[in-house]
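Take a look at the structures below.
Below are two complexes that have chain A in common, paired first with chain B and then with chain C.
Right, the complex of A and B next:
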């Protein structure tokens, strides 16, 4: 019986695929869609790629559209060229401007060959009928032609141009990071209008987290990370010093943990070549500072059991706080959020344990959250601005409203 | 190995029966959710919840004889032992909500703990009534809290020895109950109303709600210097 079923499958499979010409192209498209992390935003309650997930932006919630081939509610009527234009120019087939919550300012770098492969993959998805309300932004952002002006200011369309003075690996990394990976969408701060700020790759606040600096600054960036550290982090969500959580947990879970080793190495090689750039931190606070003394008492009683008295954590389980880049970012949102709500790191095949930290928001008030954050930011060689109770209050409100 | 196999099957069948129908199967990561915490409700001193004013005065007076204030720290009253017992009696402990409370009620041995039909709240009401009747009958109408410390010790000693009798309750059993609950109040986390400022823990050198001592164990024969910490923290957490 089983043999019969297998035979039926073998006979049926090639016929079903026969129309879509090139299985290699489809599989490549699937991989590239993973690199682009399309699934993270375009998956809602009605299934993968069927859209409907609300994407938080400073301007309001934008619902990600349906990418399945449904002809009424998805992209079933789109052509390969339509899709390439959306990716390259941020324009729908009817001429409507897309919002850059869809990262076309990065996807514009992607080659036509690659967007065609992604499109071929999307065509193989089961069509899901799911109408997505695409007009959720308030005026004036509800007027999509406004995006023409935005594009003039902040959008420069153009395919990735390889640099002859760099290795093939570096160029592959640059193509992935600046294109499909759209890493700087989070790791470069946005300006007031949602465009790139001038502080490229220096990180910035993000939905109640703080996306860290990715330059080679030793304190705030990845200056002390090796290529291997970065590869391990992207492949498994964990390395000896840190673990991915929050928005980066999604990126690792849906995207980088499923990428191949060569691409991850290329990304790491490119990132390791970003010149160090970070705001100069103030001198570390003295241990006699009142916030430091209170923070130390809080640390000893609440944090030390796992992160150790010397901030060294436990390799592979509890993140190292001494010298940690996450700890020393200009903004404290990530630290405060983790203390108030707790956090769980991503589980991947390479690091399936997914250790979590419990919430301390029930036990610590806002001043105490700020003081312990100030302490870990100014101990064991760490240097970063002191934290404020007002920020803890804001974070507490944020996580009460949307705990994830 | 047929017998082993049979035994294994039989054991599996038994085990299968023993698993409650509500068991869940966990796959992949263990459950975790943000902001998850189940802290006990914090007792704040204030009006009595279970005791009458008279009962509370008696229990506070007893607390100060069981744990008298001295140069080492506060007495049982100031430590909040009566507040602790009041809130416990008003909660599930008072009604034995956590025990099987259907007849028949057999008289158990002392090591079997509470076997009585009366839950602690009823025992306290009856016991304090009997104690008041015993004291007023013996000391010219004065209640326990109105006696001199020496007289109070006389009464408590008589209760402990089983010499104090009153038809209202078993005063020897009530003494045991009081002593246990006073001790709990003096040493339980301050969040429950007693052990004010961790005074009980400071006497013992108990470290409180810490849970990792590897660094202490790694440095043997050195004085342990960390102050105790409660669920609600310690004074150094505030500035």
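Right, the complex of A and C next:
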């Protein structure tokens, strides 16, 4: 941690000179902003934290605002208390409601001390003048007061309450996962109004991906992952089983790979304590099923060189498909998207290779994509519902509209 | 011309040596910019495994190679001839873009023999000066094998080379090459699994009293993580190595071993599609101030730098020094000057053996997949009865059996028509090749200079290559090819097609991309361009890398030695030059 802070100090070179207490606070804020992955959404074409990136939501595109201290277009006129209120209550200084694309339902758990530190760090950024269009949602969502009703239904403000019956490490993990980490924003399915569904931590569809189940279910969740597996994945984007790609590549690249080992362990310890919960999969399809036979032939021709005939992949570079959590989710969006358009895994200092899976959409039709997905979901002990060509058609459309 | 902010280091060319040296110097805290003539190339986007094994596109149409319109050279066999431009590359195929020729190489990763490093002294000691061929300019390397050993080791461990040691700290190891110099430890990964043809080669060679061992291979026998954290995957034996990028992360290359670690380093910047046209010097010509380059739009830029690393393909290293006026150009008539001197090539032959009732399955192969004997290489055998110096390794490779060009037929087969089709189909899987890969010495008439007539797209003179095979090499090659015939016969070949190499050398049929010399290293500024640390004698803040440093060519593929020299040189730069910038060796 100390080394990390020193390194951060060297890299950050805060603009305003400050005394050592301030520097400690600023560096802590910088680290916490990294934990919160603020940079991922708030960075657009005009620079880091300067906003302007469009965030896809089921209700429309929302542009992330400018967090630099520019007094007209950023948060230059905000006070520490204004920032804390936005984080804790989802309200801007002028009383406007924020949309939960900004994850205040999670950030509400963050302590005041921590939001103050993040604010102190944001004040050290170079001010960037960048006006962001903040009113892009269509009616009725464009009326921000509708969020009052949403908040009544789905939002309970409150700081994180440590549990006395759990270890300090567990509590640290819970604080990070449920607060700044806002992991369940993706890994718990949204209901039709964008609130938490009842199937907590069981994953769900996410803008053309399927965020996997993080419970301890052995098939669909992280039940077979050790604490060390989770730490390695978060720190480097790679472990023996899998590699981070898609939206998780961004999380690893901007956030978890820059977190300290103790916090990563705490996260893993907390996740390993989530009780197993997942829908019961149907029995695996018979190998004689026509889709399985076609899928197998396609697999041998297209996939086997890297993922191997037995689905075992190559440790640390080509994901293992046999027993894979991602492969056996209820939804097939992630698999289909990867097959159709290819994907690049994240590069980190710990695992710089960043292997890529090539696109196969140009040579497999929708039925073939479905068949090969059905095959890998029902082979080598895997069990998951068969895939449909209609889903492949839908994914192809999504990928064509937004290739990245 | 626009002038850019100065950098600590400018690297010309981002292939094996450029990427290695850039990464090591970034790690030493320097600001490094690499300027690369060709495009950016990356494994999953440029050679994904469902696109890369395209023989027509990559091998026949030469999609990934340097195009003559970008840069070519003129060629002639002797001083009396007028050189003409090469308008389609043939006998050698050069890389284009990031990764250089390290993208499309086979992966045969050798160390030169201890005696190769003291070629002249050794040969004179053993055979007397009169034994050396006429007009030779053979010279010793400026360092010993023992000095180079740690750097060979370093490069092999960055690559993850698959092989079997034959000599560990002086102890002979069963199954390895008994002739190799002592190595401190075994290869990082075990040898590849050998197939039918290499197995038959090894058995026949052993029966004849030779010493077969698996080729040291950059095609991975198993998954491997290198010291930079780069991860490689096991080779699938798909057979598309030479002339192709590897999409399976199974062939060591700058892309798979170095570049991803380099490009995320905050001290590094790379500029692609930018051709360096000149190394700029101070008016007294004693110091380089940086380089001039031209981008794709034709805009000319000046990149100032404290240190210039010349890391292009060897031939173009030589041209760049000539264009920049660094070092005295070589004059073969007076045998004076150094830049362009001691160009050498290699001499290769092959014997196709045709068999009955044996399925060779050579399509399941890889670039460096095969068994070798080194009994006839270098000075591993007594040359006194033969009247030549140098040698070759003999190889039973399983490689290159690709659908378009792999069409071996026994002698007497028609070249087209129904009979050709029938024999082709019968022969494809029942043919095994025994190859020879031989050394070429350096000679007074084999050299590089600027062409007096032909110019490139920027109006700069092309480089002129003057080269022919000499009697020494033809004799050596014939002797070694006869040994290959013996092995093919012992393997049980029913008939053979023997391709002896004849003069004159032609740039049309593919032979090998192992061009060496031109900026050779040595201890005497009268016969070398750079000193033992690869530093220019004339301009001490210019270092040169690559096979252009070799004083003559040994009977091995050069990449292992090229990589070792890059680590040797960058360590000297980091630990010696940076502490006291100036000449590392007194002239």
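Some observations on this one:
We adopt the following convention: the second predicted complex is superposed on the first by the 385 of 404 C-alpha atoms of A that agree within 3 Å, B and C clash if a C-alpha of one lies under 4 Å from a C-alpha of the other, contacts with A are read in each partner's own complex, and residues count from 1 in each chain.
The rule is short, and it goes like this: contacts are C-beta pairs under 8 Å (C-beta built on N, C-alpha and C of every residue); 3 or more make two chains touch, one makes a residue touch a chain.
Quick caveat: nothing in here was measured; it's all calculated off a predicted structure.
By the document's definition of touching, neither partner reaches A:166: not chain B, not chain C.
Applying the stated contact rule after C-alpha superposition, one finds that A:305 touches each of chain B and chain C.
When the shared chain is aligned, chain B and chain C each come close enough to touch A:358.
In the superposition on chain A, contact is made by A:314 with chain C only, not with chain B. In the superposed pair of complexes, A:349 makes contact with chain C only, with no contact to chain B. Here chain B and chain C are compared by how many residues of chain A each touches, and B touches more. After overlaying the two complexes on the shared chain, residue contacts for A:368 are found with chain B alone; chain C is out of touch.
Common to the chain B-facing and chain C-facing surfaces of chain A are residues 305-306, 342, 344, 347, 352, 354, 356, 358-359, 363.
The part of chain C that touches chain A in the complex is made up of residues 43-45, 48-51, 223, 225, 228-234, 236, 238, 247-249, 256, 260-261, 264.
Residue ranges on chain A touching chain C, taken from their complex, read 238, 302, 305-306, 314-318, 342, 344, 347, 349-360, 363.
For chain A in complex with chain B, the touching residues are 290-291, 293-294, 297-298, 300-301, 304-306, 308-309, 340-344, 347, 352, 354, 356, 358-359, 361-364, 367-368, 371, 399-400, 403-404.
Across the interface of their complex, chain A is touched by residues 28-30, 32-37, 39, 209-212, 215, 226, 229, 231-234, 236-239 of chain B.
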